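Okay, got some structures for you below.
The following pair of complexes shares a single chain, subunit A, combined with subunit B in the former and subunit C in the latter.
Let's turn to the complex of A and B:
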């Protein structure tokens, strides 16, 4: 079977050959490697902290053996949900960035740069400060509403009679995020101090308060959004050549465009609502994935998600281990890596003045 | 996509001169209003009285002289300096989006002050403006260097993106320093939000002289900025030596920005907003834009500070928040109008 194909890829077929999946070797190998990396980072993350647990003890605990009540508690109630949260949030932000870059056809797009994260942040801070009695389970919905409003505003504002422009989309995003951040600051200054402090801790982009509830929220939304993304991934690759070409190739352009925006906003908003704004993950992960292995849209998205998960897992681990007992929020570390990457990409962007 | 240069229109000098007395009157008006409003409302007559015939035995006069006058003076100075810096930057870079805040200068100054404060333990007030200047200069060089290396050169777009990136990076390092060093956070927290409240007016003794020199130099250089704003070739054709002129202007902008940051912390969007408003009335001649920007900017920041103080009593909003709230929509408008 595989001899009929070029050696750089192999094909998985269902028994009746109704479904065939072509997998490039290099991309698949890297995906495997990333899974190993992610597992390693997660294991170290489970074992590290102010209460030291040996790796073997972590393994025993995860298998359900109770070594001591304390270890059981630390691993199951604090570190395990935190580790899963970091991975899920990383994957979501990375995917959001990948979809946003595809939708705007601009490689510099990132949910935290164009104001989508800030929209979610404003909505959540507003909820925390003004209606603290409301259930925190509403957070993802409110964040989603905030982000989608901002995305719609940027889209509407960047459309003039000459049509839309991707550069205008990004500049508009920068302006709007300044505006939204000011509104958030007003809420923080004007609001009652205890509520403002709660919102402030969340705003730093820290994963240290993650609970099993958060894990279920993130996992639930991922279970909806990721399959939707995979469904349109084929049309997304057509959209890379421009909307006219995509129409010619038979892609439902308007539907895909709107779905892309909704999915990008959804991923960013839900991730933000749980751990706060995480900068630049959506910028780094898709680029790094493209450099690791050339791949079709589907596998590229999988690689991006795995990279994002590993990156945020690592950022969370380093953030709490490097300067212990001071914890550096993961969002700060991702920004520290992300900004130089942004500058490098900016310097290498070739067609930035022709769009 | 291109960002169109500022259109060249020149208003008649007589009309331009006629605005000056109106502006001075407006500035005096908001200045007195700024002093009069607050937790204790004072009649304008008392304010004028306190300013002209100060009597230390009258409580209201003491409020005016010791609490409210310093803050109003700061607002005038900082508003004028930042607007002037913004006007010069827009002329030199031919970038309608240029602003000391957007292009990373304020972030550089703030970063230098925080690092000097926490890492090296320099807390001496006399040094603050010089440290801020070094930081602003470093950030300016960095942003311009990055935009030079971007294919297409230093366009408004590449400069804005580079400025946003550098500001974000410096801001992140500032938060790391704060997390690791709680004392600095306590000392500099208010300063970093860009607020005019509780500032130490005595810093003006150190900041004032370089600021004054820079303001005068800016006004003197303004005629040649008009030539520069039409492009390097045109300016050279008109006999302007563009290289040295640009360096002088950079020095002026850095001093104005850094001294403002040293006084009241990073305040954004003032240098962006004011020159555009001014241009609507005086055209594109920098001989008029520069001094008008200073006057209008001073009146603007005083008015903004009045709003910041009275909008949600008894609390006070940071002035920087209000300038961003007003400035961001204008930024959006400029991007819409000038990008094709």
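Let's turn to the complex of A and C:
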């Protein structure tokens, strides 16, 4: 056996060696640890709540044994869909942030910072306040329409003769986001108070009413968007070096640029439509993933998704259990964590640029 | 001796089994969110709003086991208007706190094992739908029904119609008496406003609006609105400081939220912040006919209606006042 340095990566090969996957050891180990963390958070979430259920009873219930109708209801209808929703929403918001950061080549891009979440929020609040009789099942589509319109507007406004400018994209996004938030405030101020209150609860970013329908919606969209993202992940790596370099490396730049935007908007819009805007998850998770382990684009996205899922799962668990029965929306907790991280990142980038 | 014990056991078991059987007796009821089978005599009700649902139910004598509430700056939970109107709170009653009205803890509600859950228009539709798996969850839209019909609906749901109608008849008789004393109430103008202690904005309410019991009493007595208020498109409006003189009337009722930071003095100061010189612009204020009223006391209960009527009677009927001249 060689006593050389331990390998920093290993290769997984299919039996006929038609497909091979090269994985860095550190990134893979952290991905495994994050899976364990997410599983732990989910288990604690399933076992914790205002309704007293012993751990053994939760386990029995999950195995399909009916201890009582009430316990069945609490575990299967309240805790389980809520836990899955929190994880899926966290992963989606985190991936949206990662893709936006790559697309704009700006590490501060986040769906809630550049107006994409606000676009979804305005559309959903408009629907709730002005057309309360409309089916809430329309929310994902309306949110998607709101987000895509805002993304298209930012892209059009930030486009110059020289092409798209990333800093213009971010600044236009921040400006448009403030404008859209004002429109949302007007709707809330002048709309009927009961409708405004319903919209306000949703705007706080709460997972408290998560149902299996929400799980299917989120899982369905993730099943479409995540593979699409993985398909373009190699080209996304090339795009990190700029569009000219990516073209030189053979990446289909226009297609990848449009797909990145569509996927980022799609993830943010669907997640927002279900639980409301969850601030800063898209900002924190990609950065934390990069700090945990240097990895190729594909593994970086996996780490980002796992971190986002764990973060929102934890925020939801703390928000509903720490001061129960007082419920703190997960969105408030993610913002509480996110704002200091955002300030730190800004300070770091200023520090780096001054050297 | 053993036979006696056995007999007691048999009777106890029979009773134990008969209670659920009785509780399962249901009837059909149509609420704002659909038609449901509800218990004929509910035994454990959870209210998803404190002031709008829990207090009227408690006043009717219905078995409320849980309610949404508010949380003060010290982290204590309370029912808005509970202590002011009925002298109850979570601390001195058997009503359990189940979260904020817009942040309900569905598991805490399930843990109370309710046989009926009642919410209002502020209740998140998705949460109400989720709670249907715990117990029939009715949404009663008090905004559409108004105070009297909402209370009548609660009485019907809980089988307390007799108590309610007797108390309503007494209230209506007192209204008739006050109208008689006022002689021509339709000639007396009344405006209704609300500000928070920060004084950033002022809300104006039409008499047809939903400002708790006081608006109902103002309607029942037949007062008139200032022309500017009558012309408003909505029942409640965020009003411009520059137009404050248009609210002048024989009487202006200024409501405020009872909190440590909202005393009559801070609320008067809030009006000054909102519209400097406001009192000079309003003859009602100059003549001592601007009345500050603690809003939560006049929630949608029969007690609220009685209190509001007494207050108006003592401030308008029982003393001379300077009429507003346009």
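Keep this in mind: the second predicted complex is superposed on the first by the 338 of 355 C-alpha atoms of A that agree within 3 Å, B and C clash if a C-alpha of one lies under 4 Å from a C-alpha of the other, contacts with A are read in each partner's own complex, and residues count from 1 in each chain.
Quick note on the criterion: contacts are C-beta pairs under 8 Å (C-beta built on N, C-alpha and C of every residue); 3 or more make two chains touch, one makes a residue touch a chain.
This structure is a prediction, so every number in the text was calculated from the model and none was measured.
Novice: In the superposed model built on subunit A, check whether subunit B and subunit C fit or clash.
Specialist: clash
Novice: Considering only the touch criterion stated at the top, classify A:74 as touching first (subunit B), second (subunit C), both, or neither.
Specialist: The answer is second: A:74 touches subunit C but not subunit B.
Novice: Give one of first, second, both or neither to describe whether A:121 is in contact with subunit B, with subunit C, with both, or with none.
Specialist: It touches nothing on subunit B or subunit C.
Novice: Now for A:151: first (subunit B), second (subunit C), both, or neither, which partner does it touch?
Specialist: neither
Novice: Tell me which touches more residues of subunit A here: subunit C or subunit B.
Specialist: B
Novice: Scan A:181 for contacts with subunit B and subunit C and give back first, second, both or neither.
Specialist: Touch status of A:181: first partner only.
Novice: Once chain A of both complexes is superposed, is A:190 in touch with subunit B (first), subunit C (second), both, or neither?
Specialist: Both partners, subunit B and subunit C.
Novice: Touching A:326 in the superposition: subunit B (first), subunit C (second), both, neither?
Specialist: Both partners, subunit B and subunit C.
Novice: Applying the document's definition of touch, where does A:268 land relative to subunit B and subunit C: first, second, both, or neither?
Specialist: In the superposition, A:268 touches no partner, neither subunit B nor subunit C.
Novice: Taking the superposition as given, does A:200 touch the first partner, subunit B, the second, subunit C, both, or neither?
Specialist: second
Novice: Among 63-71, 81-89 or 171-179, which stretch of subunit B shows C-alpha clashes with subunit C in the combined arrangement?
Specialist: 63-71
Novice: Take the contacts of subunit A with subunit B and those with subunit C, and give the residues found in both.
Specialist: 189-190, 204, 326-329
Novice: Mind listing the subunit B positions that touch subunit A in their complex?
Specialist: Answer in residue numbers: 1-2, 97, 146, 149-152, 155, 157-158, 160-162, 164-166, 168-169, 172-173, 175-176, 179-180, 193, 268-269, 312, 315, 317-318, 321-322, 324-325, 327-329, 331-332, 335-336, 339-340.
Novice: Looking at the complex, which residues from subunit C come into contact with subunit A?
Specialist: On the subunit C side, the touching residues are 71, 77, 97-100, 102-108, 110-111, 113, 120-122, 124-127, 129-130, 133-134, 143, 236, 238.
Novice: List the residues on subunit A that touch subunit B in their complex, please.
Specialist: Counting only subunit A, the residues touching subunit B are 108, 113, 157-158, 160, 162, 165, 167-168, 170-172, 174-176, 178-179, 181-183, 185-186, 189-190, 204, 279, 323, 326-329, 332, 335-336, 339-340, 342-343, 346-350, 352-355.
Novice: Write out the stretch or stretches of subunit A touching subunit C in their complex.
Specialist: Per the touch definition, subunit A meets subunit C at residues 49-52, 70, 73-74, 77-79, 136, 189-190, 192-194, 197-198, 200-202, 204, 206, 208-209, 211, 320, 324-329.
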